[in-house]
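Working notes, structure below.
Naming follows writing order (A, B, C, D and E), and every chain is counted from residue 1.
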């Protein structure tokens, strides 16, 4: 029946080139080739993809691994079935004239951080670096930044969180020269965590019909990703076509696609176990306010990718 | 007894005390009165003596704090539910969002009169109170006296056995008043309604009533009940007859006595 | 002329037409009248003839659509701003959020009387209208007549040269009314106020006034102005004198003529 | 299934008790007046607990009341800190500023018909500025701390209070106004002795609606930037962490604070507008 | 019609104030940019400028003032910038285009109207229940208040998820949230309005032994009309705000809310401002329609001049 061939995917943000692979797969008919009818649900600042998954509103979601693991501990057994993003795009962007040149210099500064489940990588990084996040001269003052770069531009914060593919570009768009800035990529600091994996509910995987559907879904999606990597401009155009707000600009999406391609490059969709272990280790190292308390079991599987990509 | 068989309103030892921010006000105290079918009873007494309160008790608009009151042999509440009476308030109390015609039609709509009947009745009572032509005006476009007449018309528009009227003619000039007095007597003779009527005018009370109840204030009590020996048929010039003047004198004395108590 | 020197209110050919949803209403038409200092002028006429409207024009509460009116030689608006008069409305119009005492105190506060003076005056006028003891009650806790007396007290509490009263005693019984009539005459004699007084009672008009203005309706016109030959000092029993009855007769005839027009 | 049946029975029971209570002779006593909504609330809570168990609802969608209560017990200090930040600093100051401004503008507008006609439509325009649009702007202008929240609240409460006050200032009968005119009363006496008292019933309408708006405004504005304390911060962060019991614990605090705020307004209203027919 | 001049006057005053504010609000950003572009700015480091107020900075750098009105990424856009953006997105675009604010306006308006309908109906029903039933009065009113203290933005995603899991998507979930925000002002106003008849007006109906429903239709409802309209005007704005709030947890796909969010997220303040103003204008128009209905109705009821 139709149910065996319909897939609903919950994104973790509004339509943008970060999700180009899926839009390309849909637009180019890759899903159709697999006999799938895929609905892509855009996300936003007020949507928790795991909750949508739990509520049955979607079959699969995209998520950052720290957030997914935390959900697992909360009693929502989500499992990573594919990892199209090889590297992390998260970084801190700081004004150079604040005198920051290394992590040590963060002390006494104000740093904008995304919350809503995105704070985990930052918190574990700081606790590994031995810096308190409660303010004061020896710690950093944390601001919950909105999803824009204004706190930096207006110098309310000395550093803010940015994605290589989006917010950093916005800072530059605002007229700032790269040499006025200092950036700290989580990847370079050794605290990178896995971003934008595909997750499903554990129980569903036992259903062969569902499993089959996901196999086809992941296969088509990866085809989409690889196509997008190779055809950045076209992919950006497809994303723009799918943006219903009409507010996205071509230049920004093309640039974003270029940056995204750097992150997806090197992944065929299969989760690399070492990357997972590194993510878990980083999260477990978070001291007083741990993101997860114990090493998660069964939080990922190759069940799907093995069949999809053989 | 036979009298009680035709007794329409019977109050026994009625008490009513209002609780106010600075102590209780005794509006009625030990008030007993029997009103027979077809009686025209006037209530007269100094301002604040409890006339309105007494009328409201009969109409089940106020709950006595003591004693009992029956209307048509049942409780005041049941009588009200049986739509036993029409009531004219001391202030006109017209609904501002209805025209004069609409205000008079209100009880008719509620009591389910037919459209045609409503129209016919509204016209008739407007004629009666000399407001023909003002049907489509709103209350605030009328003078004080006109509003009062509209509210009288509203109570006369439907057929209630008992008519309770609280100073209905207070804001009217002598001539309109005489006219309405005559009309009211005619209506009463024709329909055998029982009428309770509050007034401040001694001649009016004597001219209209078969029974005049004189009250005195704080606490409100009945000090005198005067049965009128005047015939049922009363031309306006009966007001110059010696019987008339005698009753008027008695009422005035009763009133004066009430004031002296103060 | 000398007369115009002491002329307090002068209306010349006053017209007032209300525009309503179903056509214009001519409330006043060609009304001219001079009121001299110290006059006590009563207005009498059928309900709806424009008495209230005329009084409101004097008080600058209504704008005439034609003609002119001057008060103390200036326009009605200027006179109002100079606080030339006290006004008693046809309905009591007490502010519900103030006690009776507070309502009477209102004009005193506005006109800046001292606290002690306020207290003294409130007590005095409450006494005058026989409402002593009700100072701390709220308006809805008073009977209709008591509310009306409170509103009279409010207008008497301060010293205005002109007093405009719209049926102030309509809801009062004869005895209180007689009492207040006497008090009003005393006050008038003592203070030489100029008083405009609307009433429906012919004896009241004759008893109180130096000048009786008879009006007739649609459109409101003055049909007769009767100067009273009665002396300034008027005991209550003057009402049985032949002069009194003669004036009363003339007023009644004037009224009847107005009604006949209808 | 059993749970569901029990839930229905309990619902019926609570409703029945309340009907008995409200129609009983003692229904005007303070105790009973408080008991009725409490029983209603308890019924809802118990039924909720039953249904969560009965339908086996995942706690990341709807937590059971028992776990919310547990959070309330263990997270006291944090909830208190959030309360201070959001309600005491953000909501209350915004309410005072917005309310004060609305009163001032209403009185100003009332001075002339011209201003009223001009200000009311512009005010209604302001009322319709949705918080999701204004909050980011104020955060941008005034920073992430409570000042921007107070500004959001002030803008939100401004219109309801303004509209109601203006309507109230005009809600005098012509006789009441005429009386003032006969006294030759100037603007201020008329304002203080007639218009303001007459406006009170309406004004409290606006003030009461604004209490809940103030709360929502302060909390929601924190979604768009805040320090790491505050009820809105906690709600959005906990929601992202799927700690829904914490989210609901904050909601409970908000509900209690809001009801208390509203209740206080109602009490003041009762004392100030005792004379209005709706209060008698 | 008589309101046109007063509104224009007030709008002009506000515009004037706005124009004045643009300079100090944007001065710091403009100065930073000017320095990058090689202009002379005093003080000459961003950090030092941080210690100077916007007005003072403007006075020190008068040559930069004009730039504040056309800054690309302003804190406070100038009126002409917003005006141009609105002209471009409302008039210049085909209304079917997703770049047209008319299109987004309709996306937002539809759930608003449906939600308003649901909300007002519910509000009026509740108010009637509260006025006529003691049980309702005592137990429901407090909880209606509580419902409004729950931050809607926190509740919205849960409502969307729950409705979504029941297969309800699209317009309806947004309408529910719009209704949730709009029912409360209606309840509060209507309860007050239905209770506004005075004792004598009620007594009159008692003497007719009017049934409850007759009392409702002939007294309570007409007496509540002024309160109802005041509530409706607040309710329709609340409903619009509700829809816009609901657009975020439904994936911010289209509508004014989506434009505001995306404009903010991608550093395009003008997109946000234009959407914000368009939303407010829509609401003002809706309120205006109700004012008109109010005026006509109250006039026909004879209550306008009273």
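In this text, a contact is a pair of C-beta atoms (placed from the backbone, for glycine too) under 8 Å apart; a residue touches a chain by one contact, two chains touch by 3 or more.
Listed by chain with UniProt protein names: B, C = Aliphatic sulfonates import ATP-binding protein SsuB; D, E = Riboflavin transport system permease protein RibX.
Nothing here was measured: the structure is a model prediction, and the numbers come from that model.
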Quiz item: In terms of CA centroid distance, which chain is the most far removed from subunit B?
Solution: A
Quiz item: Comparing centres built from CA atoms, which chain ends up most distant from subunit C?
Solution: A
Quiz item: Most contacts: which chain pair?
Solution: D-E
Quiz item: What whole-number Å value describes the gap between the mean CA coordinates of subunit B and subunit D?
Solution: 49
Self-check item: Computed distance of Cα centres, subunit E from subunit B, in Å
Solution: 55
Quiz item: Hey, how far is the Cα centre of subunit D from the one of subunit E, in Å?
Solution: 17
Quiz item: Measuring from the mean C-alpha position of subunit A to the mean C-alpha position of subunit C, what distance in angstrom results?
Solution: 85
Quiz item: Which residue numbers or ranges of subunit A touch two or more of the other chains?
Solution: 45-46, 48, 51, 54-55, 146, 148, 150, 154
Self-check item: Residues within subunit D bordering two or more other chains
Solution: 61, 136, 140, 173-174, 223, 236, 239, 280
Quiz item: Of all residues in subunit E, which are in touch with two or more distinct other chains?
Solution: 75, 153, 157-158, 161-162, 165, 199, 248, 261, 264, 302, 306
Quiz prompt | Touching pairs - complete list by chain label | solution = A-D, A-E, B-C, B-E, C-D, D-E
Quiz prompt | subunit E - residues contacting subunit D, complex | solution = 2-3, 5-11, 14, 25, 75-76, 134-135, 137-143, 145-146, 148-155, 157-158, 161-162, 165, 184-185, 188-189, 192, 195-199, 226, 230, 233-234, 237, 240-241, 244-245, 248, 256-257, 260-261, 264, 272, 275-276, 279-284, 287-288, 306
Quiz item: For subunit E, which residues count as touching subunit A in their complex?
Solution: 28-29, 32-33, 36, 45-47, 50, 72-73, 75, 97-100, 103-104, 153, 156-158, 161-162, 164-165, 248-249, 251-254, 258-259, 261-268, 271
Quiz prompt | subunit B residues touching subunit E - in the complex, by the definition given at the top | solution = 56, 59-61, 80-83, 85-87, 89, 91, 93, 95-99, 106-107, 109-111, 138-140
Quiz item: In the complex formed with subunit A, which residues of subunit D make contact?
Solution: 58-61, 136, 139-140, 143-144, 222-228, 233, 236-237, 239-243
Self-check item: subunit E partner contacts - residues on subunit A that touch it in the complex
Solution: 14-15, 41-48, 51-52, 54-57, 95, 97-98, 146-150, 153-155, 170, 173-177, 243-249, 252
